[in-house]
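Across the two complexes that follow, chain A remains constant while its partner is chain B and subsequently chain C.
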Partner chain A sequence: MTTGHPPRGRHTATSWLLVSPWAVILAVFWLYPFAYALGLSFVSYEIFSGSWRWVGFANFAAVLANVEFWQALGHTVIFTVGTVPVTTTLAVLLALALNRRIWGRALFRAGFFAPTLTATVVMALVFLHLYGQGGYLYSLAGWIGLPVPEQGFLLSEKTALVSVMVMDVWISVGYFALLFLAGLQTIPAELVDDALIHGASPWRRFRAITWPYLRPMMLYAVVINLIKSFQIFTEIFVMTQGGPLGATTTAVYHIYVAGFERFNLGYASAAAFVLFAVIAIISLVQFRLFAFGRGVEE
Partner chain B sequence: MKMHETKQPRPRRVGANLLFGIGLAACALTLTCGGGQQAKTDDGRTIIRFWQFWTEPRVKAVITQAVAEFEEENSEYSVEVTDLTWDNGYQKIVAAFAAERVPDLIELGSDWVTQFADRGALMDLTSEFGNMQMMYAGWAPAIYGNACWALPWYISTRVFYQNDDIAKLVQGGARPHPIVWGTIAKNAQVATVRKPQMWGYGVNAAEPHRLYKKFLPFLWSAGGEILNEDMSACALNSDAGRLALDFVAKTADFGIIEKQAALDELFVEGKLLYHLSGDWLYEKLKRSGTSMEYSVFMIPFPAPAVGGQVSFAGGEYLAIPRRGAQKIAALKLARHLLLKKHIFNLCIATGCATPVHREVAQDPYFAQDSIRRVFIDQIGRSKSPPNHPRWVDIEAALEWGIEQALYKKLSVDEALRQTCERIDAILQSERES
Partner chain C sequence: MSDRTRRDTWTSVLLLFLLAGMLFPLVWMVVGSLSPRWDAGWFNPFVQPPVWANYGDLFRVMPFGRYLINSALVALLVTAGNVIFCFPVGYALARRRFAGRSFLFWAAAGVLMVPQYVLIVPMFAFIHQLGWYDTLWAIAIPFLVNPLGILLVRSAVSVVPREVEEAAILDGAGPWRIIYRIVMPICRPALAVLAVQVFWLTWNAFLFPFILTGDKARTLPVALAMFRGYQGVDRPHLFAAAMIATIPVIIVFLFFQRQIVAGITAGAVKR
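Presenting the complex of A and B:
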């Protein structure tokens, strides 16, 4: 008897065959560079001759002893702490607003998502001008009486990093709002209607219905945004190149300079793995925190 | 139902399928991404790979024309031109050397030649130097270890631009050029009072690879140096270094801190009294059609009868990688690109004021232009940074110190001391390596 389905063995083999291009790409463009970088972190590598010398953990020791690395990591933490909560909160509020039946909802959704579709380099170049002396944002800030640095937002060590953070929030908020909007639309309407009939307050409805449905998306959004923030690079490269006075030198930019301007590839690889460890630990903590909270309403 | 009784695939079978798939995908990847560099065209011509940075259409057209002419005159060759950008060209070049997939002819920034030569990456062109040195200028950055490693293709220097309209305003109708640094400071202070309508002086900051070029003219004019004569120690922490850094740090008080492009733009808009810049700004001013009156002058003296008028000299150089496949052909192409007519065309297109070919520099187009003449005079009194293999690192340390003083994070003395500590550490690590 035939059912029209191929035998399971052939089915599995076909699956493997279909998956293999991805496996190759993973191996060539992810696993191999990962392993290669790990190897590099234990050697002193001379890029012109391709010669290397085993140095053990010396590169890691150099990273941990380097004040500039810790400063860069500090800037990255400030960037992350300053952007992730703000972006997440604004995105949730925006998603709640866009989930209502308001006039021009589709237009607003498209509008808020548009910055995400634009290349970061393009956005960075636009903001480079907006923040400069005579730029629209600079002039506007002065006009409404905010204290503006004489040399423009990006050339003052006090405002440069904050300016990049503001831009990042503006770019990211639409994308995360869309994710939360998707989460909100999984909430059964009967559940909300039932809560309304029983006279639940908006806060009670949010806490008891909306939040539990949003939480899986929240975990995803926060972890992704956190990793993205720890890897902040393009904006820094285009807008400030780590300056002024290293005030915007983030961990990845520090690694870039060490690896691709100074060609200290062993050090750069070691610094990348230290950053990897930091991101991994923070992500794990987040998973634990969200997992801990899950038991409450279940 | 027999179908459900079908045997599970044996692991070896699955593995074989996976391996087959991986192999297939790897072949596809190799065909699309990998493969060796083709040595000849389909019609049998030898390919010369030339990497260069001129991408602006007006300038690129000159390069394309010169290359086409070369191919016409040498029908056995086909030149494959690859454009690089200043944002990542250096990284791409180093990666090419690391991967041993080098081009045959390469354009290098003047600051990079020593580093590449020191690592044994370039072909020795000392014999060419012997033949060409009388006809071409700008050899200093190409010489390292008593040998010549590159051929000068384009050289430039920095001079002071003055907005004559503002100069008249701040000097009571007169517009003489400042002879000493103090006059610059005094006039700039007067002009900056009217900010943001006008500023006295343009100060660079937060822009790697540019800031040091704005400091070195003052250091050298004051008689200072970055390294001592045998390049074994930092020489910056000196009276001359103090004088220069003190002046540069003070410019932030009577000037506007911005990036080079923004400062150029401000000058074109007529909002900047003094601006230290290169010949590209002259070209930009001409193309802008501005009605503003402006002039240029050489780097002033630190004080009456003190120091000199030394500026920064940099440029682009043609080098041949030692492991290049077509070294002879590449040299032939380099000689062709350096022909008088091509240098002339390159200079017209780029707006360069200081042609590398001495006969071109004497052409009325350059010699009879009062502004270009100042550039030509200035380049005769210009210097290049020391030819040290770790210059890229030294430059970063130097810019760190200048920024510390500009933003008043450290006193001038402390900035000099800490900068020297950093530079000495770099020199020490180079000796140890």
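Presenting the complex of A and C:
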């Protein structure tokens, strides 16, 4: 220790005083509930008598044996696989368009972001009315000749989930376009000029210049979109309550029903951890895939 | 060159059509919130007079004023808490070496990756035990220190040159003086990003306020979701309520657009 520095003991004490707000919140509102949830998943808990019994892995077995859980997980996968690639592709195209020399760029950027800015509950309520009988989207679909269910899009088993997916893309494209635009704006102008002078084709320019700058953003965007999609709840709660006939019951909605409507806390916690594991594995695989792709190209 | 200019004009025109489509739901919300009660949705704002009373009704007939105040109080409290608390934490993680530092840092990164719903059941039980159910404490205190804010401050502090602090140490300044008088003012842009981001996320938050409040401490998004179930709430009033939940974030966005964009991209740049 050089002179002028405080003694080590006091140094550590000051450091801990500085980080104490986070240390307290972390311990009380994150680690404790997390441990509590983990504990709950191994017990059978009677909410009315407050009594509990150790059941080992029985809750996990119940989750894995429950057809409803797998259906809910299936809907979640359909939702994710159906929205993430579409949102990503449209967002990249939008970002490329916004990155060109166009008039009103600031206005466009703000405008496309507006649906993301608005609370999910608000957007879900508006779309609830757009999709219903006589709603504008319902009428529009009928007018251009699409087969429309007579009870409205959200009350038909065939169209309910797809309708929520369309809304999700609608809302989140602006957010991801903004992310990609930030990536595009880090491309040095000389690089683009150079390529233009050498007469590189648009596709070659995209591959050689744009893509390398876009890729780090792409990994981040796809991972957070995936995590977000696997957790879809608000839209489902507001628009369909998991119906009709369970057609839009997603994994988190299933967990919510188990915990807060059937008061099966052990089952709900176990299901939450199963889903957590699924998300963690998918995120890891993604990181691997992207890292692998990089190794091959370089 | 002229070829390039022309193409960009077409891009603008295309974008304009796209934007009109994208914004249609929001425009319809504005128009719908001002339409008469019996209207089926084909309200023409240029022919019929707007019904401003829809907004007033919300506050007369329902405890909507309370929901609005709850939302505002929680958003302001959580925003202030994050600005005050995240700074020293982020500073200490960036600059000071002490036992437990890397654990606290990785915990912040880890918490961001843990899906919130894993915690809805135990949080509900715990908040009940504390006697905080249906109070503003329940939806404010756990969120006073956002891990995203810690990471934001940490990366802002780590680019401040160390010489700035060393000069102050030579002048005999203590650690607290250095943190609050010297480093914090330099990091003001990052704190603005943090404040705007937290306000926005808290104002729009649904899951935890929904789980942890009843009628008394209910916030606007939760109240809106509940309106859906009430038979008495018609579309104009519903949309008026949705407008009241939306206007504050639009205002914040108009003033702090740069900070919102920076907040969104902050997470990506670090990786």
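By our rule, the second predicted complex is superposed on the first by the 277 of 298 C-alpha atoms of A that agree within 3 Å, B and C clash if a C-alpha of one lies under 4 Å from a C-alpha of the other, contacts with A are read in each partner's own complex, and residues count from 1 in each chain.
Rule of thumb we're sticking to: contacts are C-beta pairs under 8 Å (C-beta built on N, C-alpha and C of every residue); 3 or more make two chains touch, one makes a residue touch a chain.
For clarity, every value in this text was computed on a predicted model and none was experimentally measured.
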item	value
Touched partner set for A:T240, first chain B, second chain C, both or neither	first
In the superposition, chain B vs chain C on chain A residues touched	C
Touching partner for A:G134 - first (chain B), second (chain C), both, neither	both
Partner chain in contact with A:G152 - chain B first, chain C second, else both or neither	first
Touched partner set for A:I25, first chain B, second chain C, both or neither	both
First, second, both or neither for A:E261, with chain B first and chain C second	first
Partner chain in contact with A:W170 - chain B first, chain C second, else both or neither	second
First, second, both or neither for A:G50, with chain B first and chain C second	first
On chain A, positions contacted by chain B and by chain C	12, 16, 18-19, 21, 23, 25, 28, 134, 260
Residue numbers on chain A that touch chain C, as the complex places them	4, 6, 11-12, 14-16, 18-19, 21-23, 25-26, 28-34, 36-37, 40, 94, 97-98, 100-104, 108, 110-115, 117-123, 125-130, 134-136, 170, 173-175, 178-179, 182-183, 216-217, 219-221, 224, 227, 230-231, 233-234, 237-238, 252, 255-256, 259-260, 265, 268-269, 272-273, 275-276, 279-280, 283
Chain B residues within the chain A interface of the complex	1-3, 6-9, 13-14, 17-18, 20-22, 24-26, 28-29, 90-91, 94, 97-98, 100, 116, 119-121, 196, 205-208, 256-259, 262, 392-393, 396, 400, 403-404, 407, 409
Complex contacts: residues of chain C adjacent to chain A	4-5, 7-9, 11-12, 14-15, 18-19, 22-26, 28-29, 32, 40-41, 85-86, 88-89, 91-93, 96, 98-101, 104, 107-108, 111, 113-126, 141-142, 144-145, 147, 150, 169, 175, 179, 200, 203-204, 206-207, 210-211, 220-222, 224-225, 227-228, 235, 238-239, 242, 245-246, 249-250, 253, 257, 260-261, 264-265, 267-269, 271
Contacting residues of chain A [partner chain B, same complex]	1-3, 5, 7-10, 12-13, 16-21, 23-25, 27-28, 46-50, 132-134, 150-152, 154-155, 157, 160, 240-246, 260-263
